[in-house]
Amino acid sequence: RPLTLYAASSMTNAIEEIARQYEARYGQKVITSFAASSSLARQIAAGAPADLFISANTRWMQFLADKKAIQPNTNKPLLKNRLALIRSEYAKQPVSLATLADQLGDERLALANPDHVPAGIYARQALENSGQWPSLAPHLALGQNVRATLLLVERGEAPYGIVYNTDARQSTKLSQIELIPDTLHEPIVYPVALLLQPLPEAMQLYQFLFSSEASAIFNRYGFQPIKANPSHAE
Amino acid sequence: MTLQITLEKQLGEINLDIDLNLQETGITALFGRSGAGKTSIINLIAGLEKPDAGKILIGDRVVFDAARNINLPPQKRQIGYVFQGSRLFPHYTVKGNLNYGRRHKDPESLNTIAELLGIEQLLHRYPAALSGGEQQRVAIGRALLSNPAMLLMDEPLASLDEPRKKELFPYIEQLAKEINIPIIYVSHSLDELLRLADQMVLIDQGRVIRHGEVADIWNSEAMLPWQPEQDISVILEACIREHSSRYSMSCLALGDRLSLWTPFIDAPVASRVRMRIHARDISLVRQPAEQSSIRNVIPVSVVDMTSTDNTSACLITLRAGQHILKSSISRWAAEELAIHPGEQLFAQIKGGSISRNDQVANLQPSNAFLIAR
Amino acid sequence: MTLQITLEKQLGEINLDIDLNLQETGITALFGRSGAGKTSIINLIAGLEKPDAGKILIGDRVVFDAARNINLPPQKRQIGYVFQGSRLFPHYTVKGNLNYGRRHKDPESLNTIAELLGIEQLLHRYPAALSGGEQQRVAIGRALLSNPAMLLMDEPLASLDEPRKKELFPYIEQLAKEINIPIIYVSHSLDELLRLADQMVLIDQGRVIRHGEVADIWNSEAMLPWQPEQDISVILEACIREHSSRYSMSCLALGDRLSLWTPFIDAPVASRVRMRIHARDISLVRQPAEQSSIRNVIPVSVVDMTSTDNTSACLITLRAGQHILKSSISRWAAEELAIHPGEQLFAQIKGGSISRNDQVANLQPSNAFLIAR
Amino acid sequence: MLSEYEISALLLSLKVSGSAVLFSLPLAILVAWVLARYHFPGKALLDSLIHLPLVLPPVVIGYLLLISMGRQGVIGSRLYEWFGVSFSFSWQGAALAAAIVAFPLMVRAIRLSLQAVDIKLEQAARTLGASPLKVFFTITLPLTVPGLLAGTILAFARSLGEFGATITFVSNIPGETRTLPLAMFSFIETPGAEAEAARLCLISIVVALAALLISEGLTRMAQKRLAL
Amino acid sequence: MLSEYEISALLLSLKVSGSAVLFSLPLAILVAWVLARYHFPGKALLDSLIHLPLVLPPVVIGYLLLISMGRQGVIGSRLYEWFGVSFSFSWQGAALAAAIVAFPLMVRAIRLSLQAVDIKLEQAARTLGASPLKVFFTITLPLTVPGLLAGTILAFARSLGEFGATITFVSNIPGETRTLPLAMFSFIETPGAEAEAARLCLISIVVALAALLISEGLTRMAQKRLAL
């Protein structure tokens, strides 16, 4: 049977490309399934037939580790990402994190839901650490995921938003993308892990994810691959 | 009030082609077989259907004119319509139904009509809690209270069973007496026709066959198809000469010295009544029997006689004064008595055989009476 | 085949409490007012409703017994049921409907029944394309073809208009003649009763009032409420003495030397027929008129006379041979003739006034004839 | 018993679903009427269009709403310019999304009920002098009440459960657009918050059951009244 | 004209929705029958329970399905143990999700239609010797055809659009569970892929329209045949 890779939906494009590369290289089919990290994690806990899982945050990976649904020693950070403050085409004034609260006025700041969406959780940390959270909190529009949040800004519903840099870079409808200093929040880490009973070839794909070929692709989509030595993961 | 109708309409295979000019008040019966087009005609008058061509005038109001592209909607035609089923509104009380078509909801006219129709006790019930006959009376009241210039009734009794019909009959008779707007009454019941109608229009295959006084049309050959052999009858119209209160009988004047005794008719002397006499109820004798229970023995002359070979009956047309009578006797008797046209005989008409049912509406515009029952 | 019914059932306000023992083949009429419980009784027999208590035996099969907790479902009772509306299955053709209840679908019996009912031409149509009368004939055929041990018919003609009724009548008469299973026929029409039934059961308020021969019950006072004053009649059962082919008449033997001439009856000499004679069609004389069109002048003795004050009529009960007749004459005539009980008179009965409609089913088990029309 | 958070979500859900149903009812009646009574070219197409919200995933509907009715949307921008009306991030937007998603169910139920109204009663009313409008409001509509109730409750239930279109169109704003399903979603997405999600789920179910039972009762009353 | 990807999603959607409808039809008929013909204590509750999938957000339904019918689920594990049947992450699971979400719509339409069948015809069939089962299959069911068609098509349309329960229950696996809405979602999630999403949206609409039009035609045929 082919390999099955579950990945957070914010990685769709990059993972698809890497899967195709892998197929070409090793002649083995890879099935990819994209959904919210939460859905995927719950499905894996319920016995989903996946071999590898890439989560958009460490929380859901930890959830699986607690349930003993992954091989703990294969749980490695794969990528890092950055947050970006974005401005809609429809918003005239350039914006910066420092002046965000003032510039917002009656408008709303689009944010992924900080209750559960990783991007939202990181964004809240950044805003708290920059001291703006209290004044911004009543002016938020919360998306169910990063993509929905980006959409709100793209359509001009909200003039500004905070999303992953990777998503922001793929959009053509933004007039400004300003990276938020990664000192303001925990590192944004995408961990990967093998599940309990993967196909033998799963390790090969696991290692391929850390290869320079894959890194190049990740880079192209704005992710920052973490150079770890996957061979340690036995 | 006149009603002028010139209409054409294709109804499935039947082509309705009507040219009618009703000058009359009172009840005009539309009579004809099932499928003749009766309902269609009154639907066209009411505006519920649209003619293909033609013109409809009610009084001097043009309600439809194909040439001038006039087609008043039903609610502008001021026509009351009592449908075959009662079509009461199930979500209104009787009172609500009665009030539906009224502009001025004064209580007097409501009470008058409710009394006329015997529905005073029912005003606060819902239609579902009424019997079929009560429903139909409410429907009539509802139509009347909408203050129509003309009333259309489409077999208002047809959906009712026999006892229910009997119950409703008097109300309609009463109605015709007290309401003075023209009524068009659709029916294919001979009984209703005789008791209610002043004028009649005979419809067949979408065309008007006859139109005129009920008695004239009844006694014409156009009505023969509706009168089975054993049911042939004539309609007499005559004035009441005297009453015998002792025997509960009344005497009709058929001619100067010709009288016909009938069960008591509750109408003043001199009023004109209509009466149906079945051919089978008239027997013929050369000499009156001396002591007979038959009250009416009238000298008549034979006008005509017809018989068909494979039946036992022979139909004799007789003249009594200005009136025509018909007698159905056996061929055997006809031969034995050697009856021939021109001959003078005596007709025996059983007084009791003129049933109350056969005494029908007064024809005078005065609307002076109606048989009580 | 016998049918024994002992039943109790509460129906709204009416308590159905029936104890019936039908021994007969032929048609038994259940007769009574609307709401008397007729439909309920046959629904209980068919198993469509469940009695509160009691027992039903068809032949020797117990189909219901409250005490022994037996309650056969309708499909096990082998009872054919013709409903008031035809209840044809709209998604089957006529043939499909006819075949629905058959186990052995042999074409012969289908064709026989289809011919009997005149529906051979309709086999491939759907019910929606049939007239009301045709639908009802198919429904009858369908019930017959399910090979029932007994046939129930609930006012099979009631939903039809007059011409449709006329069309269906002969088929049902034919049926009673050719099918030899017992038929229970619900009706509140006097006409149907007279023409079709051998036995009758009079139901009122959920109880059996009378049960027996049609003629016996008809002539009893139990039937008076159904006979309006002008419609009082007696039923005679008599044998045919001779025919006159020349005059298309038949002679009935009322007694040794007593004869009654009627329009031709299409049945062999000596067969027994039933005949309805209206009281209004009998007049009385002391001496027969010499030259009269009335064929039947019969010596009678006065048995009884009744009259009410506010009507003109007087009802005289007469004896002619073993037969009882009734005559309705005016009070005036009765007084003038000074009629009193015990007296000998002559009754004049117009031959032509005994309409064909009034000559009804043969009563002999031989089922030898039925009036053709 | 209920936390403030739950009460807020519940009240909002009731407001959103209630308005969705109330405001779409007149249009649903109109559309159902047209479909029930008239034949015209393109009728099948209109009928199908009305069913579209049933066929499309709610997220797509939310997306389409955003494009058309959003602040920069084709229609939404005009509405804002001309009338100052904006659905953005407001409970009205949530109601709009709910109304659209529930619309086909509402129309279908009302249409069936309208088709069952006896046209003969309407004709009778016309001959009694009633204008078509009076006929509609005094005869047709009252006789459609059972269908209206059924359609309304069906639509209400569907609105209560609406999630995808709402969150996509008007996002998740506490007190403004965070209805029961959106609150539920947040908990489901949070590891270990199953209990809170279950509580909200239960609240939803109780509300829906209550609504269904009430409508059953009302329908039975209406039918009894009409003796149908 | 259509890409391989689109064709695969389309065929899968048809397979999933088709099976969902076909397999839930008998149960829907049974439930509709019980609701239409019997009165029993708790009937209102059963009726309400059947409406639940309408009220709950699909994501919640998917979550409940995962918990109960997943391979580790209360019911799912038994099913797998005893019959070797598993809904997990297979198109059968997607069909199950679709069936559950569409069930209330199907039951409602069939129930209405069953209520309209004249019990007198069934009585007539009984007196002709037909067992209750024969009556049901030869009289009741054929006369319910218009309602069955309506219910089926409504359920099919709803199944076609099902997203939340599916992705939560059986994930988003190409060729196995990635139906049209899930494929659409993937594109919507991908920045700049609006055109592809729109194409899929159009395909969905065309399929649904076709299904609706076909059912209209069939219904009209059935009604004509029955002369209703």
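Chains here go by letter, A, B, C, D and E, matching the order in which they are written, and residues are numbered from 1 within each.
Basically, a contact is a pair of C-beta atoms (placed from the backbone, for glycine too) under 8 Å apart; a residue touches a chain by one contact, two chains touch by 3 or more.
Chain labels with UniProt names: B, C = Molybdenum ABC transporter ATP-binding protein ModC; D, E = Molybdenum transport system permease.
What you see is a predicted model, and the numbers here were worked out from it, not measured in a lab.
Where touching is counted per the definition, the chains common to chain A and chain C are E.
For chain C, the chain whose average C-alpha position is most distant is A.
Centre-to-centre separation of chain A and chain D, using mean CA positions: 36 Å. Computed from the mean C-alpha positions, the centre of chain C lies at a distance of 62 Å from the centre of chain D. Computed from the mean C-alpha positions, the centre of chain A lies at a distance of 91 Å from the centre of chain B. Along chain E, residues 63, 188 each make contact with two or more other chains.
Residue positions of chain C in touch with at least two other chains are not found. Under the contact definition stated at the top, not a single residue of chain A touches 2 or more other chains. Every pair of chains in contact is given here: A-D, A-E, B-C, B-D, C-E, D-E.
Here chain D touches chain E in the complex through residues 44-45, 47-48, 51-52, 54-60, 63, 105, 108, 112, 154, 157-158, 160-164, 181, 184-185, 188, 197, 201, 204-205, 207-209, 212-213, 216, going by the rule given at the top. Considering their complex, residues 33-34, 161-163, 188, 230, 244, 246-249, 261, 263-264, 280-281, 283-295, 309-313, 327-335, 337, 339, 348, 350-353, 355-357 of chain C touch chain B. Interface residues of chain B facing chain D in the complex, by the touch rule stated above, are 46-48, 73-75, 77-81, 83, 85, 87, 89-91, 100-101, 103, 126-129, 142-143, 146.
Taken in their complex, chain D has these residues touching chain B: 118, 120-121, 123-132, 138-139, 142-143, 225-228.
Looking at the complex, you find that chain D touches chain A at residues 63, 66-67, 70-73, 88-89, 167-168, 171-173, 185-186, 188-192.
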